[in-house]
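In what comes next, chain A is part of two complexes: it sits with chain B in the first one and with chain C in the second one.
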Partner chain A sequence: MSEPTRVYRFAVNVTPKPGILDPQGKAVERSLPHLGIAGVTGVRVGRRVELAVTATDAEAARAIVARLAGELLSNPLMEQYEVEALGETPAPAGAGAAG
Partner chain B sequence: MSEPTRVYRFAVNVTPKPGILDPQGKAVERSLPHLGIAGVTGVRVGRRVELAVTATDAEAARAIVARLAGELLSNPLMEQYEVEALGETPAPAGAGAAG
Partner chain C sequence: MSVRIGIVLFPGSNRDIDAVNGLTVAGAEPVILWHEDTDLSGVSGVLLPGGFAYGDYLRAGVIARFSPVMQAVADFAARGGPVLGICNGFQVLAEAGLVPGALLRNRGLRFVCREVALTPERLDSPFTREIRERRPLRMPVAHGEGCYFADDATLDALERDGQVLWRYTASDGSTAGPEDPGNPNGSLRGIAGVANAAGNVAGLMPHPETAVEALIGSADGLGIVRSLVVSAEEYAATGAVTGARALAGVAPR
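== the complex of A and B ==
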């Protein structure tokens, strides 16, 4: 039998790097007066990707997420990312571990 | 003179509601085999908006963010949001409080 696995949940928060123009953030800021909202500044719009990884330990799971974040979910020229652990649960019976 | 103000930083995490189709998440899942990544499931792609609010207290700041999140940053039919406090600092001299 294979090693027992667990399901690790993560979020990857991808945001524009400091200094990189963020047109979506500027669009939000320009909309604020129309909503009557004052005092909001520095709006930056990025992506949040939530996912689950089935793996034998937290370190292996995090390595997979870091690879995914750097190679698929973010553009390293313009964006930075942070990986956030959201929790873990035992894997359901029959779930395959991450390769 | 007006009340002293502080700058409160927040993130608004907007994600597709459970049960709502997420084509971006499915596209990520379909890309995984090409990257040789296994064991990743339940990918959901949303937005992360980071911003700063100048206000007299944390409660007032959070109320502004909740309004912004519900009225501008998310589509309440298809999306849910969470507000995450990222920290606070004294406001620079001359900064106006949120209205």
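== the complex of A and C ==
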């Protein structure tokens, strides 16, 4: 009988580092006058990745997400990320922990 | 016998045939390497071709970085073997950390497909040694994420250590800065291609392999492809690349 596991859901929000040119954000900003919207500045376009990790505890799950976010989902030269916990549920029977 | 140079084929590579042609014209024997290969079939040089490896999902080059063949390429590079990444191949090398910096989305947001001019910074590196004179070279670019980026300290170090190999050239012959029309993507300091600190790994966004025959527009890329071939020949014969050692210790002229 293995340790009980749970499914931890996360979002990883990846955004361009401050100071890094973000042409997508600039393009969005330039389109705002066409909508008749004024006063919006500082638009930065990033990416949100949602995922679920099966693990024995929240700490183990978060460590996996941190590695994934730092090595794959973001490029530390130009991007930063924040991990957001979205909740947890018991793992379905038979699911193994990620390791 | 011609030297064997591997061309890594990722799902989504599309300039592999151009690479085969360029290497053939330059006198090498091209060997196609599959992305799931774990060895390089004894090649003496590696070319990572252009395209959209793994659909460029997430970020250009990042998923290719984790393919089995890239571990073999990294080992080959660590042993001093010459590796050249072109366009998407440059993005893969940058994501893998085998060359410094990152390629951001083009400053103008558009995919740019046209001829550009770039000037070699030095003619004694493993990837420029067969270029006969220091003048602007004409060849195509075709990319959406080619804006070379590194922080100022890194850029200063790259310039100091002679790791900037090519810069985009403005119509008056000077370096094309980020806002100059001669710079297709807004690359900082006009950088079109760089080498690693050891000098045996380099990447550039323009396509020298498609500019190897005057009949189809330009043969200005041949010097770069020939440089890779000569460096691979030297690596095959001696287990090292002279230009790489020179690059590591000598400031640019």
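Keep this in mind: the second predicted complex is superposed on the first by the 99 of 99 C-alpha atoms of A that agree within 3 Å, B and C clash if a C-alpha of one lies under 4 Å from a C-alpha of the other, contacts with A are read in each partner's own complex, and residues count from 1 in each chain.
To be clear about the criterion, a residue touches a chain if its C-beta (ideal position, glycine included) is under 8 Å from a C-beta of that chain, and two chains touch if they have at least 3 such contacts.
The structure presented is a predicted model; accordingly, all values stated were derived computationally and were not measured.
Peer 1: Just checking: does A:11 make contact with chain B only, chain C only, both, or neither of them? Give me first, second, both or neither.
Peer 2: After superposition on chain A, A:11 lies in contact with chain B alone.
Peer 1: Which partner does A:21 contact after superposing on A: first (chain B), second (chain C), both, neither?
Peer 2: In the superposition, A:21 touches chain C alone.
Peer 1: Quick one: is A:75 in contact with chain B, with chain C, with both, or with neither? Answer first, second, both or neither.
Peer 2: second
Peer 1: Classify the contacts of A:48 with the two partner chains as first (chain B alone), second (chain C alone), both, or neither.
Peer 2: Only chain B is touched by A:48; chain C is not.
Peer 1: Considering only touches as defined above, state whether A:36 meets chain B (first), chain C (second), both or neither.
Peer 2: Touch status of A:36: first partner only.
Peer 1: In the superposed arrangement, does chain B or chain C reach more residues of chain A?
Peer 2: B
Peer 1: Have a look at where A:93 lands relative to chain B and chain C in the superposition and call it first, second, both or neither.
Peer 2: A:93 contacts neither chain B nor chain C.
Peer 1: Mind sorting out which residues of chain A both chain B and chain C touch, each in its own complex?
Peer 2: Touching chain B and chain C on chain A: residues 72-73.
Peer 1: Considering the complex alone, what residue numbers of chain A touch chain C?
Peer 2: Residue list for chain A touching chain C: 20-21, 23-24, 27, 72-73, 75, 77-78.
Peer 1: Would you tell me which residues of chain C are touching chain A in their complex?
Peer 2: 58-59, 62, 66, 95, 101-102, 104-109, 147, 149-151, 186
Peer 1: Which of the residues in chain B come into contact with chain A in the complex?
Peer 2: Within the complex, chain B contacts chain A at residues 11, 13-15, 25, 28, 31-32, 35-55, 64, 67-68, 71-73, 96-99.
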